[in-house]
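Chain lettering (A, B and C) follows the sequence in which the chains are written, and residue indices restart at 1 in each chain.
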């Protein structure tokens, strides 16, 4: 790619840039790696040199009923949020793909804006509004709020997939005798399947990690990230590392699954020729 | 409407917002014919086809299929299958499933579906690829799958939207004969949209030439080639030399007062009218000296030469700057000096000239 | 055939519309109403009183926090953009396609790790007995106070926004027509000058949007200023959490939140206008 201006390159500059990129990734991954390493470290106040290898923090987390409850809440909320936001996002993506109508800009703004509103403002607004309509302080309120934030991600992922579809595919199905509903079932959904599962996993992962809005609206039904926030506020504890590592592995599993689906076999854009 | 009419367009207009895609269409498609609709992009040919398929609704007018108006029939309730420019094969289905699709949508049972798909896979010689994915097929194989997928419901009419445009030249020619034979054998009416003159003229029984949403001419390829009805058609076909001028009556018959000089006309015309004389480039001849006899001759200079296979096209320019083409076999050109700037005469028999309207 | 409104179409378009109106538009509108409510004896009652606005806007603390937040977010946007650019540039122009795909994949990972866990991890690095001070101790330096400083807050903002800014910058850089760069070299424009005269102007839209996102993220974040910055200086986000969580002063928190939204809208509008300046889009 960049080989075309090879002779205008400067070795020293290139090396400096490579070093810089490595440093940038070190900065990004240092906290992630440290959290992983120290989750297996015995010290109460983690630092170097490292203490002994220990699974104490995992044990502490595993025996904490509150953590289990948080995990259950997180999972429950995450799965429902994943399904709802993927369904809503799919509808919005298809609407954008298929239809032109007055006010579409407003529709798209509603579909895509929520993640750009600071979570703290969204949290306050949701708390105030949901408690006004008696929906606050339970898992349902977390689900409602998270769907607002997650649906746009699902919409973006599925819209991208739809834009890779040969625009003649759906009319071709109609033309071959499929009604709109049948074309949806036999053409649009199968074509989008990888993106639909991708969106499902990604939105679940987003919900698993979201703490601010959940903190505002969850009341007593705290999700795991809200619990972590609690640990952070109270006595600082390497238990956070144990939870963090656990959640990281869970999230990454979902993301990698999503990635495999989105780039895997059968997910290639419709070959024109 | 005669009994062998399958489709009729009656005063059909199509506008998109303020844009008029199709101005006013009145024409008929006969049962069992191979009709090509030809024109440059934006001429309304694809819109016409899509209206017939039920993918666009006419703004005005009526489209009839077998005498019944179909304006309000959604595409899935018409039997007007189409072969798409992109082919639009379903990438997540294999070849067999693609071919079975239309039958499945019509609720045909599994065994029956398989049997009928088998027939068409066999007929299109793609049985061996039945279980393959679309992405594993070559361009020609995909064409056959697309045809089988559309024809499996054994429709009365098949619509084709530039289906060969993505193929290389050799394959294109081969597919043309496949299509023509298929049409002849099945007797299904083919409506074939294309911008390619060679495709239209080599396959179609009749050709419709459209421009800016209007039909310029309908006729057999022979008719259109020999006697273009309008200046646009002659220009579009690109195989004629055009001379514009005013008609007046001369010493023998009628004459055209063109920029290149006075040209004799073989047929009667309206005196005083502005008209265009078209002469096929294969009917023009070259000579080094002014030809004798009652022919039209124009002094020109050679500006270039182009070889395509066995024929050569000589490009010439008149003193007024008008370009004239002469197409000849190599043998016919031997002995003629063709260096750039060489003065020559272009001549033709007035009988080979053909007067068209200014349209 | 396109009929304007069908049951089929509505089935797909309406659910999201209803959901976002009910649970996104209404909560934000309710925030506006709430800011005019009054609180007496820890009980909120619907009202139309500007008291919350006048009280909040009359406080020096509020304006101080406002100034702090603006300054911190602006600094975060500028610093993150500057730190991210060489990395984005190198990934865009100096890497093979495969390496670039990996680089992008790695930059996406942080989005799926808990921000809170990463912030806690930074505490391990930055605290008085933390990793960095231990290492500095080995070569006879320090210890320095790093935790509970503005610098630590900045590191938190970087943690939050750096990957996103790199990805957005990268996205605009890879779409630059490479012949433009060759043409610049061809016209004797030096390497560094080409970056400033050709690359940055060509990618301006993306670079500005990236900085804008960083600004928005930092502007609303309460984790970094609290857990790395030690709550000093006070930001609007800290003010909101304090006002909401302690006592029933939601109407005042609403005033802060609305002020933040207003500010963000002005900044976003200005940034987008600047980003697309002189372009027909």
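Throughout what follows, a contact is a pair of C-beta atoms (placed from the backbone, for glycine too) under 8 Å apart; a residue touches a chain by one contact, two chains touch by 3 or more.
All values derive from a computational prediction rather than experimental measurement.
**Q** Taking each chain's centre as the average of its Cα atoms, which chain lies closest to the overall Cα centroid?
**A** A
**Q** If I count C-beta pairs in contact for every pair of chains, which pair wins?
**A** Ranked by C-beta contact count, first place goes to A-C.
**Q** Measuring between Cα centroids, which chain is at the maximum distance from subunit A?
**A** B
**Q** Let me have the rounded angstrom distance from the C-alpha centre of subunit B over to the C-alpha centre of subunit C, please.
**A** 58
**Q** Let me have the rounded angstrom distance from the C-alpha centre of subunit A over to the C-alpha centre of subunit C, please.
**A** 17
**Q** Could you grab the centroid distance between subunit A and subunit B? Build each centroid from C-alpha atoms only and quote it in angstrom.
**A** Taking the average C-alpha coordinate of subunit A and of subunit B, the gap between them is 53 Å.
**Q** Would you pick out the residues of subunit B that each touch at least 2 other chains?
**A** Within subunit B, the residues that touch at least two other chains are 54-55, 74-75.
**Q** Send over the residues of subunit A in touch with two or more other chains.
**A** Residues 180.
**Q** At least two other chains touched by the same residue of subunit C: list those residues.
**A** Residues 2 of subunit C each touch two or more of the other chains.
**Q** Looking at the complex, which residues from subunit A come into contact with subunit B?
**A** Interface residues on subunit A, with respect to subunit B: 166, 168-169, 171-180, 182, 186-187, 190-191, 193, 266, 268, 270-273.
**Q** Under the touch definition given earlier, write down the residues of subunit B that touch subunit A in their complex.
**A** My answer: residues 53-55, 74-76, 80-82, 84-86, 88, 90-93, 101-102, 104-106, 134-135, 139, 142, 149-150, 153, 166.
**Q** What residues of subunit C sit close enough to touch subunit A in their complex?
**A** 2, 4, 6, 8-9, 11-17, 19-21, 23-28, 30-31, 34, 83-84, 86-87, 89-91, 93-97, 103, 105-110, 112-125, 127, 129-131, 134-135, 158-159, 162-163, 166, 178, 181-182, 185, 191, 213, 216-217, 219-223, 227, 237, 240-241, 244, 250, 253-254, 257, 260-261, 264, 268
**Q** Using the touch definition up top, name the residues of subunit A that touch subunit C in the complex.
**A** 1-2, 4-5, 8, 10, 13-14, 17-18, 20-21, 24-25, 27-32, 34-35, 38, 45-49, 87-92, 94-95, 98-99, 101, 107, 110-111, 113-114, 116-122, 124-130, 132, 144-145, 147-148, 151, 155, 180-181, 184, 205, 209, 211-212, 216, 225, 228-229, 232, 236, 240-241, 243-244, 247-248, 251-252, 254-255, 259
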